[in-house]
């Protein structure tokens, strides 16, 4: 095989060999490789430490077609901030330590093992031997150090950098030997291994130059030649057609194999179509153009499920997602902002009884029924019931009670006018607006239901749809809003990513952004608890601390939690090893294990 | 060509005006590209601020404008925050796709509208005239979105047509004939939608102008000279009814880049529409400005084309 | 001559030789949906011999143009037409539209009023003539172009090339007029109708156009119906004159005879109007021009008696109640008046 | 008749034009070429008070331009116009407004001369309304008066001008021009396009009105034979210049300019033919 | 005259539609915002004359709608009880024409049954009532935007065509500018400046005025053309010779020529502006819930699953078609009349 022969010498003389070649030659070689190198799985090399998977053994071949709502913007794992880019990059790249989407636990990936010092500050990882990038170049500690250098470089502005900063100091990365790297944290960090998830390891030989030139952000755009993009993921770039699709092909050097020692992935190609919106996604799936669909809305799920038997696909309801939708009141400091009207209403919003009344007036079951067509669960806290490790089972779930709400309001000094309008103790009618993103039909529906529910309490609520950026501008910048329906969460099951929400100084502490010090006792308490759990290394103690946080949140209702949708996905029946998960990416996390069951049934797209 | 010079100068002034206003409006519109990152609890606000300043978004408007003009003159047309690449490279491919779609749609709608409008204008009040008028007012009151969804639904039910995109996945492996067929089948739904959406207005205009012209004495005279009805309508009346139609045609050309936004979004046509929509939703400022500028270019071109055509068609305007 | 002995029924009247066009009892009524219809033409009968020039004289509203349009079959759809129009022994009124089209422009053609308006503003003049030839005769573009040029030369247009390529707005009134004539003659028709075609022309051009029409008539032998309101134009031009009033023919006969001895009071009045500037004016003693008092009556179906009666200087009580029939006071002349000659 | 015309000629001039020049420049799109039409070139003209002056010329000779300059609707490029002994200043719009009612124009009968959306009475009322001379019922009464004066039945006041015959429309236009009691009336091709019989009627009407309203006329026509019958003075225009000017007698009996002679000749040809026909037929 | 009869017929048709919309409170059986959360996406209630046993009834009746136990958003009729449709029933309170409170509705059925003539939406709200109420806003918005556009277009078109020269030149360049600008940004900006507290209807109408303002360019160009033709008529010159001011000439001689085009434009623009609201909602600029408008009713059709699964969601489009058809007919009839008057 051509690819084999060509790849051979490189392996023996890796870095040095490459450095000797001029730039032009590199380019030429890269081109030649991409033309000649077949993407057939490479035979196993001696000394190659493959990870063995425990999936059902599949057969090679076939193209899997997936539709994305919007086009990825870049292939650069460091600058990518949007979901579609990250989804594609996730298939091209690999991380050191990976969170298994099915078990929600970490597992070794590019490292074969890691160890942690007693104080929880020093991580030492051992890399797998013989791992090669998708262009055939070997992967070692230099690449790891280089990757972290890039992520941590302030000039590169990686959105991931903040993850790698603990106690105000970035993590220190140190190469011990060719296959050993040591990470040192400024302070202990609970579940620190989780931060390695999805941090793509990048090839130094391809990116060093642009990094040195200070042009890293411009590297690996969609228009970069596929030969110049290489990663450690199951697939590698093949083709990008602007506005239409990205085609990935098998990474012949991928470092996983099934139990029969077949090098993964099974699929020849993975194709992402860009279709614009969910409806188009559904249309394409319904028409059989795509093989897998993720995150279908409940309505479309219902629509598709009517046709599932006749059209040869299967739908899966994976249960509640980690995302939480909530209603948040504006409790920001509005002094010097010239928003007196809102400031006047903050007296209500600050009153816990008022928030409790709102919470108990909202019919969460109806939200689940009307917004999610029953495929969702009501929420009373920020942790979804599907987050088995962290959800506080003891959290009370008070049922809807208009009577209770009225009592609360009465206790807080509100009264009712003759026509049923609720008045505060100053005789002002209770009237406020809820802003929601107009492009998010679900949140608009929640707002409408809440509006109707609260009108039963005599509150005059306006629903104001706002275009998403306009909404963000109001929530984060101008504070010119009264209440808003938003959603957070979903990335990881661990509490740490939530720090910015619950710490009073956090950037996503929505109801009171940038408070100089905790405005209330319970906020101060949460601050302490969250800080504590962050450095606590033992799960059971962390869980206990986090339960307390959840209870405090539930009691004080900075946000009125509403509901979370179920994760609904679908796939053609002949896609095997399909094990969708709650964590993102819901369907493609084990794409290297997917295969087409029957002969000839390669993705329908290719046949058209 | 003094006249042409003047029109070109007007066009340039128009482009400058549009770009300035574009910038102004974008400054007024709330939010910026990097705002969405703020929603991610894992990204600190410092990082967002740093990104903003890296792309010069914290600079005052005139500075940003000057930078942009510089980049336009350098052929880059600005820089996309989202794609990390020059706007021109983003636009060129998509503009080509949009043009393929809209040119065909414009062509077809005129090819249908002119004969239909001419035919019904000849017998105002006949049943087919009334039918066409009723049909056009019905089409006028159906939103484009509903039309396109309807057609897509039809495509799914019948399996006759692809339900979106521009080419099939295996496009590259197809032969020339296969590629053509593939492209044409993908074109049918969006083109039909666009044709149906623009047809009623065109038909009505053609009919109205024709009805006016058919009252003129020279039509009677031509009839008196024994000119047959088809010849009379197409050789005599239609050119004379041309002026308002040519202005309308100029507008069609002007709208070539901007007229198909929603249809492109729904059918997943990889044109300027989805790009512009996404860019304006995510405040990818220079992409929006670039897209608007390119449609302004078409506007200028369209009205220039209309002028030239007027001179060609209406001898009264030119003096030899 | 006795009043009654000369009243002869129509069928027996015939001019010598075969007539090219025989119009018999032609009545045209415009019907508007909610107004009572009134005839625009009332039982009009006349003949034209081949090669003859017939001048039709009348004020606007007298039905001249309706007559012209009726012969060409161009009346609007809301008209009802009765009677017969025999052209080369074929009844035009019985024909279908496609046959009409074959005749129009080829056998019978028309020089329309105001050539500036009756030519398409956006077609080259040459093309407009070529279109007519194309509609009636097979041939290719080249031969048609040659034919067109010949036709243009035939109407004494110099610079045929320029005119062929010109658009109507680029031509002078006289040139346009000749083009209009060329259009009418393009297919060598047997009958040409000129409807008030010289009205808008300058006097000098008017004379030239008349000369041209006369010459073509003599050379080609095609008959010509020349419609005008100015009797002076018909003198020395038309072979016969037909005077129309309010949709009917009041007098017809050879031009010289009619002009020297008008029989109908209306004809007399018209002739008096002709200016005599060269040898003094014909002003009345009050320094006013001679006129026919009053104006055309509004057409309504219920009117009785002679329609000219209100304006007539020789009217009698009889005229009010009965409409006069046509009489032939002498060979070749006919008049509709009880008191003609007075 | 001749003596009378000479007698009138002694009367002072109501309107004087001195060295009027007017040039139209047209530019075609897609072309640098300019087209220059010299409509008036140093035109001098005097119009005697209380007389009918005829301005004759072929189409394109500049008659209408002269008419609109004298009617102070257009500003000449150069030259002066004197009205009632004082110079008309085109720069002073107030003065022009004051002058307007005294100088009125009647245009050729065409679709454009009378607003088809107005009724006959409204058409006559328009100038009165603009000048604010009458209002309400008096306005209508005055319109009826004027209609009667020009020989129209006031009953027809509510009809659209499109329902009138050409002659009636011209009467309507004259009534409208008379509404402001002008002293100077310019008839710009007012008779063209009318039947011979109607032309005579209108001319007679004009002659009647001249005496009753002490009007001065400028009658513009391309038909020399027509105006020759009634004009006191005749001016002949050719290519933007007045080539001949004098009493009717002078112009008709002793034409000086070649173009005048040509015009007279073409009139003569038709007329002669007619006389021959009359005489010949009579034998 | 026939065209007069045509006008009367067209106007009557349009008026009756508007009357129904104006009296929405009376004609509609329910409050448009009232949610029946047990009946989301219920199909239109069938009005019957023949009952399950095959008996014919003179008074129309309905069967109660009940959710099918196993399905999502699936319903069936409960044939047990007949609920006759009554006229002039007492129901929820409303204000007739926004002024007089009343409880009498044109028709209705006895509780617990409900009559949904046009089905229900996602929240179980009666679409028929929503269509009627929505018409108030939508037609008002359509007329308002159209009026603004045409008024501005008329003004600028007239000035531009009448005075010509540099005014014309600059107005037409400005028109071109207005035709290409990314208005969405401006609208977003305007929305950002508006306070959240003013009533949603006011906000919406304000935005509509902004769209109307933006839309002047096209009518202005059309009107300019007409004015250019009209100002060169001889009777305008004549009017000038009477000392008429520009204003007089514009008002009396020039403007009447534009009526035809104005009418036609109005008839074309009204439905287009109503539809424009769909796009507005798309960008979060539409009328907010729970206020109904045809735009946000139609916006439901933007969801593919709704379009495919619930045909009655199309019914608002039918209302729009009817109204725009009415406008077009009125415009056509008037146009014909104007033309027959001027030729």
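Letters A, B, C, D and E mark the chains as written, and numbering starts fresh at 1 in each.
FYI, a residue touches a chain if its C-beta (ideal position, glycine included) is under 8 Å from a C-beta of that chain, and two chains touch if they have at least 3 such contacts.
Values in this document were obtained by computation on a predicted structure and should not be read as measured data.
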### Message
Along the graph of touching chains, what's the shortest path length in steps from subunit A to subunit E?
### Response
1
## Note on the structure
Most contact pairs found between chains A-B
### Query
Taking each chain's centre as the average of its Cα atoms, which chain lies closest to the overall Cα centroid?
B
## Note on the structure
In whole angstrom, the CA-centroid distance of subunit B from subunit C equals 55
### Summary
Between subunit C and subunit D, the Cα-mean centres are separated in Å by 31
### Message
Please output the residue numbers of subunit E that touch at least 2 other chains, ranges allowed.
### Response
188, 192, 302, 304, 308, 343
### For subunit A, residues that touch 2 or more chains besides their own
279, 283, 439, 467-468, 470, 473
### Message
Residues of subunit D that contact two or more other chains, please.
### Response
none
### Query
What residues of subunit E sit close enough to touch subunit B in their complex?
173, 176-177, 179-182, 184-186, 188-189, 192-193, 221, 225, 264, 268, 271-272, 275, 278-279, 298, 301-302, 304, 307-308, 314, 317, 320-321, 323-325, 328, 332, 343
### Task
Spell out the part of subunit B that touches subunit C in their complex, as residue ranges.
216-218, 220-228, 231, 235-236, 239-240, 242, 313-316, 320
### subunit C to subunit B touching residues, read off their complex
72, 74, 101-106, 109-110, 112-114, 117-124, 128, 131-132, 135-136, 167, 169-170, 183-184, 186-187
### Task
Quick one: which bits of subunit E touch subunit D in the complex? Just the residue numbers, please.
233-235, 237-245, 248, 252-253, 256, 341-343
### Task
Give every residue of subunit D touching subunit E within the complex, in rising order.
68, 71-73, 97, 100-101, 103-105, 107-108, 110, 112-117, 126-127, 130-131, 160, 162, 173, 176, 180
